[in-house]
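Here is the structure we will look at, set down as structure tokens.
Note that the chains are named A, B, C and D in the order they appear, and that numbering of residues resets to 1 at the start of each chain.
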Amino acid sequence: MSDLRVAVLGVGLMGADHVARITSRISGARVAVVNDYVAEKAEEIAAGVPGCRAIADPLDAIADADVDAVVLATPGSTHEKQLLACLEHGKPVMCEKPLTTDVETSLEVVRREAELGRRLIQVGFMRRFDDEYQHLKALLDSGGLGRPLVLHCTHRNPAVPHGFGSAMVVRDSLVHEVDVARFLLDEEIASIQIIKPAPNPSGPQGLADPQIAILRTVSGRHVDVELFVHTGVGYEVRTEVVGEKGSAMIGLDVGLVRRNAPGTWGGQITPGFRERFGRAYDTEIQRWVDAVRDGSNIDGPTAWDGYAAAAVCEAGVESLNSGEAVIVDLVARESIPGA
Amino acid sequence: MSDLRVAVLGVGLMGADHVARITSRISGARVAVVNDYVAEKAEEIAAGVPGCRAIADPLDAIADADVDAVVLATPGSTHEKQLLACLEHGKPVMCEKPLTTDVETSLEVVRREAELGRRLIQVGFMRRFDDEYQHLKALLDSGGLGRPLVLHCTHRNPAVPHGFGSAMVVRDSLVHEVDVARFLLDEEIASIQIIKPAPNPSGPQGLADPQIAILRTVSGRHVDVELFVHTGVGYEVRTEVVGEKGSAMIGLDVGLVRRNAPGTWGGQITPGFRERFGRAYDTEIQRWVDAVRDGSNIDGPTAWDGYAAAAVCEAGVESLNSGEAVIVDLVARESIPGA
Amino acid sequence: MSDLRVAVLGVGLMGADHVARITSRISGARVAVVNDYVAEKAEEIAAGVPGCRAIADPLDAIADADVDAVVLATPGSTHEKQLLACLEHGKPVMCEKPLTTDVETSLEVVRREAELGRRLIQVGFMRRFDDEYQHLKALLDSGGLGRPLVLHCTHRNPAVPHGFGSAMVVRDSLVHEVDVARFLLDEEIASIQIIKPAPNPSGPQGLADPQIAILRTVSGRHVDVELFVHTGVGYEVRTEVVGEKGSAMIGLDVGLVRRNAPGTWGGQITPGFRERFGRAYDTEIQRWVDAVRDGSNIDGPTAWDGYAAAAVCEAGVESLNSGEAVIVDLVARESIPGA
Amino acid sequence: MSDLRVAVLGVGLMGADHVARITSRISGARVAVVNDYVAEKAEEIAAGVPGCRAIADPLDAIADADVDAVVLATPGSTHEKQLLACLEHGKPVMCEKPLTTDVETSLEVVRREAELGRRLIQVGFMRRFDDEYQHLKALLDSGGLGRPLVLHCTHRNPAVPHGFGSAMVVRDSLVHEVDVARFLLDEEIASIQIIKPAPNPSGPQGLADPQIAILRTVSGRHVDVELFVHTGVGYEVRTEVVGEKGSAMIGLDVGLVRRNAPGTWGGQITPGFRERFGRAYDTEIQRWVDAVRDGSNIDGPTAWDGYAAAAVCEAGVESLNSGEAVIVDLVARESIPGA
């Protein structure tokens, strides 16, 4: 079978990574088309990939006859239109989170895909492809911890760029933990409360950082998340599941252990998400390529998963502002046949 | 200098431990008198300790001329009267938590000691004497983490006895974490909220277990505590401090590490608080003995610390019932000169 | 550039893995030809790979016009002839260890490649591509430990197949540690002594297991290796470097950590070399493919590395028999220009 | 029962520690007499301990009517005479290692105690009282690892004082590991070989450091020890037992774990033996005091244990000089009834 011809839309940091990944680390696919709202950037990247063209309009890129499938790494605000175009042309699409930037349009995307009667949209929650999360999920599925009761998540970044606001902590950081919770606990989130402790005096002025998110699932299980995006330390993602028969933790960041003068031992903290989850991205894309090639189109989080995460984060932003717990109001999934 | 003659009041599990400790592991003190509401138990224990008498009435034991200092391991409901007797006779007293069973009487004890103009009451929050907590406190005091911002505590027991109710989780388990938070953060707790997730299906019927306590300090710092008292696993006490310049964790329970067929590695979880904190108890009593012998009378948590913990836990029980955050209303410490 | 057309010779466990790897996880290469001394096995595997043929004679496969490069996963005893054929046809070859089965033929291969004036042979010491070994090497190269002084290696397998003899422990297990030592210390091994402790009573009759190898480098540095191939436990490979300014260890096998009833904590031991080094194999092959495509032909251990390891292991087998330390007698590398 | 009156002979670093320990951390004993060859030092220390006298002559101190038992912390060269005096006066003695400074006199001490028909001499191998070693021993005794086959020991000091010679590494450092091996494996050492790798360029001139000791037990089990006394790092003592059914390691030095900018995690290495084994010393002395008070006189390593360790170390020094393996020639224990 010939290689899958992929259009990568948006070639900023993440999109350029995807181009490099598909070109040199992923078997069975090649980048046929790139697009970016900065046309020169797309041209430059296309020039470095054999057989790759830049196309100026993202919708043209989606529609192009030489494109079998699409990777969306464009700004979230453009996702809705681009996803609907993918659905219209029947092209499988791997969409970086968020699905769309608000709950209504996310739900609309879910509905439109469901009406089509086949799945085309996979959402880029790549942690599901990480070895540690997979081992944790396998442990839960095996019943090794009995019923999971409580989830503690830690999400720390060394720093955030200028202009990163308090709501972005919820939308861009918490969103991954929301998916982790839904993935590990296999149920929807019912309510969310964001606690704003006294902020880090060393952090950016005006940023509510750290934040604590308190989630409650439909069946009453508790999830708490420490979100701390300007620690000055490193990238730290830890998850502990506390179950009926024991607990388990991942993310301890143990690899090479040094013992050095003057009397300390330890290792390096993962510097960023690319080091931590780089292989998960590879696996995610490889499995998506394989799924598209065999016609199943997705092998990972669905549009519904993207919608559910959006709904939780939107309620989270509301709680960030009010300080109160906010009910997460999902439509009944069974009301959308095929979702 | 001759040995300190100690009266141990209450010789149940904890009191009998203290008798054994003072008799064979603590230098500079001996148990001169024991008392218990079960007179036979006191007689039996006295018979095993050279030079020790049983005295039937706890107030007589406190007043006894051959008693230099008192250890209270009686039920909390008797503490108020016994503490006031100690103050009256000017006898230093090491009081197992709780100081008293409600906020008003705790505050009254604080006032009466303050009026006396010298400290006689030490409260048995023994974690302050544990090596790991002391290292953590030293790290914070050295500025090694910058300003502490968030505290995550985990408090897990393998099981609780029949009849252990939901409010006891707050009063008997959370109380230690309240003191840890006050000790590490050096400030009072302003509010508390108890979250009741869906309970452990393997736990005792009707017990709210696990519980999550959300504390906020006066300056707005966040403390969360997982309380899970019927895990079936072991005794697990972990504390993580997240600061301006990094984080630190104690309680990882790493000692002997095995690698065994069929392909697992690991160690033993501490079975109970005596194994985990046995040496802290020894240190606590030794330092208290030394303090009494040198006239400073206390070298550890004060009556105010006992009162503050009681106030937080009382608010915690209110939150357990209402589900809402409850303000912790402490009297101004400066309103009690000497407290 | 079109994909590299690879012939995989020998499609047993390891060769079949390489076929799968090149077909679905490696970019820029495809398996064009397979060969095995069991012709049916080769036919069967060829049938499952698009565009792949089975060729019955390994030398024909090497010579085939549609083959750009060769992977040797055949028995070691056939390597010499096949390697020389690769050199003759100027085809880059990735040769699974051992280079050849004795020192003389290994050295002959080194000479013949050196005479050719360009490198074509890479040897399959895949640990050099493993993340942990790379981090350790980088730490050493950065001077972070000062001069490395002592190396402790542990090499444990859960079990060995029937017929695995004492000398195979040296030739098949120790050989990897020999390469690790040469890679990390950047010098040759001068002598080797194999110690045979009282054997594991649960192990196969007649097998000297565990064995302890004591290596000394040319500059006098010490390396010890515990070889224990029938532990019943798991696959455990640990390396500790002790240097002038500190030490470092890899292989601690820490990932998901469980805490379970009745009171134990821990994780899983890696079950085998595929789980431990699977990604290193991918990286090894990908980097070799890239090197062949860009004309540098090798990007990893050279024929000299294969020869040196063979020489050490041959001396090791001599020591296994005699119990004495044996001098490792390498030809002077500068006597073979180009080696 | 009244307190045990102890004479502490030798009040240098170790002896002064024992005085402080018995005075303030050990129950049931007090220091009645101190002695040192620097008379002023003994006077000064006696002045600080209630009821304590300095006696100028060590043999007078042993003979003193107010002395029930003796702690020997004098230089090893004086031990023989002092031990024999203790035996003569029937006084229990806790003797810091070495028993004596050579094998013959050690054996003579063993014989003389055996002739006496009751045990009076305990040797200060305090690791047997350390929690981690006790857990390891308990694991072995429980059969949890099957038959122990191999022992790996690591013994590292941050630095040694000026004048510390190569043979002292064997006599003063290795001696502890010899006792650990004999304690854990419950058998005698049959041969020893000391390997001298290229020395640490940062270490003292002329010191063979690191050294590797290879021990073989009577039944053929293997023990290796890395001795590295001038690491510049910290005090690191690790022991790994590899058994028929698995392995176990102690000494991983994990306590408080920090995560700090710029991206490192870890903890502190134990600075010295007092921090590592301080509690073991307390336990050792407490249990010895209890044993003397109840008439059993010793509760720990015997004179034979001191003799056996001396014999191994003497052979070790011979191997240090020759580089060859040296047979350890113990007299048959059954030839000395009562030993």
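Going forward, contacts are C-beta pairs under 8 Å (C-beta built on N, C-alpha and C of every residue); 3 or more make two chains touch, one makes a residue touch a chain.
Each chain and its UniProt protein: A, B, C, D = Inositol 2-dehydrogenase.
Remember, it's a predicted structure, so these values are computed and weren't measured experimentally.
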| Same or different: at the subunit A/subunit B interface, is the fraction of residue numbers used by both copies above or below half? | same
| Chain pair with more C-beta contacts, B-C versus C-D | C-D
| In terms of CA centroid distance, which chain is the most far removed from subunit D? | A
| said: Taking the mean of the CA coordinates per chain, how far is subunit A from subunit C in Å? | reply: 38
| message | Rounded to a whole Å, what is the gap between the Cα centroids of subunit C and subunit D? | response | 44
| remark: Whole-Å distance, C-alpha centre of subunit B to that of subunit C, is 58
| query | Among the residues of subunit D, which are close enough to touch at least two other chains? | reply | 231-233, 245-247, 257-261
| subunit A partner contacts - residues on subunit C that touch it in the complex | 1, 23-28, 50, 131-132, 135-136, 139, 144-145, 245-250, 252, 254-261, 268, 279, 286, 290
| request: Using the touch definition up top, name the residues of subunit C that touch subunit B in the complex. | output: 158, 231-234, 236, 253, 257-269, 271
| message | Applying the document's contact rule, which stretches of subunit C touch subunit D when the two form their complex? | response | 146-147, 149-150, 152, 195, 197-198, 200-202, 210, 212, 214, 216, 219-222, 224, 226, 228, 231-233, 242, 244-247
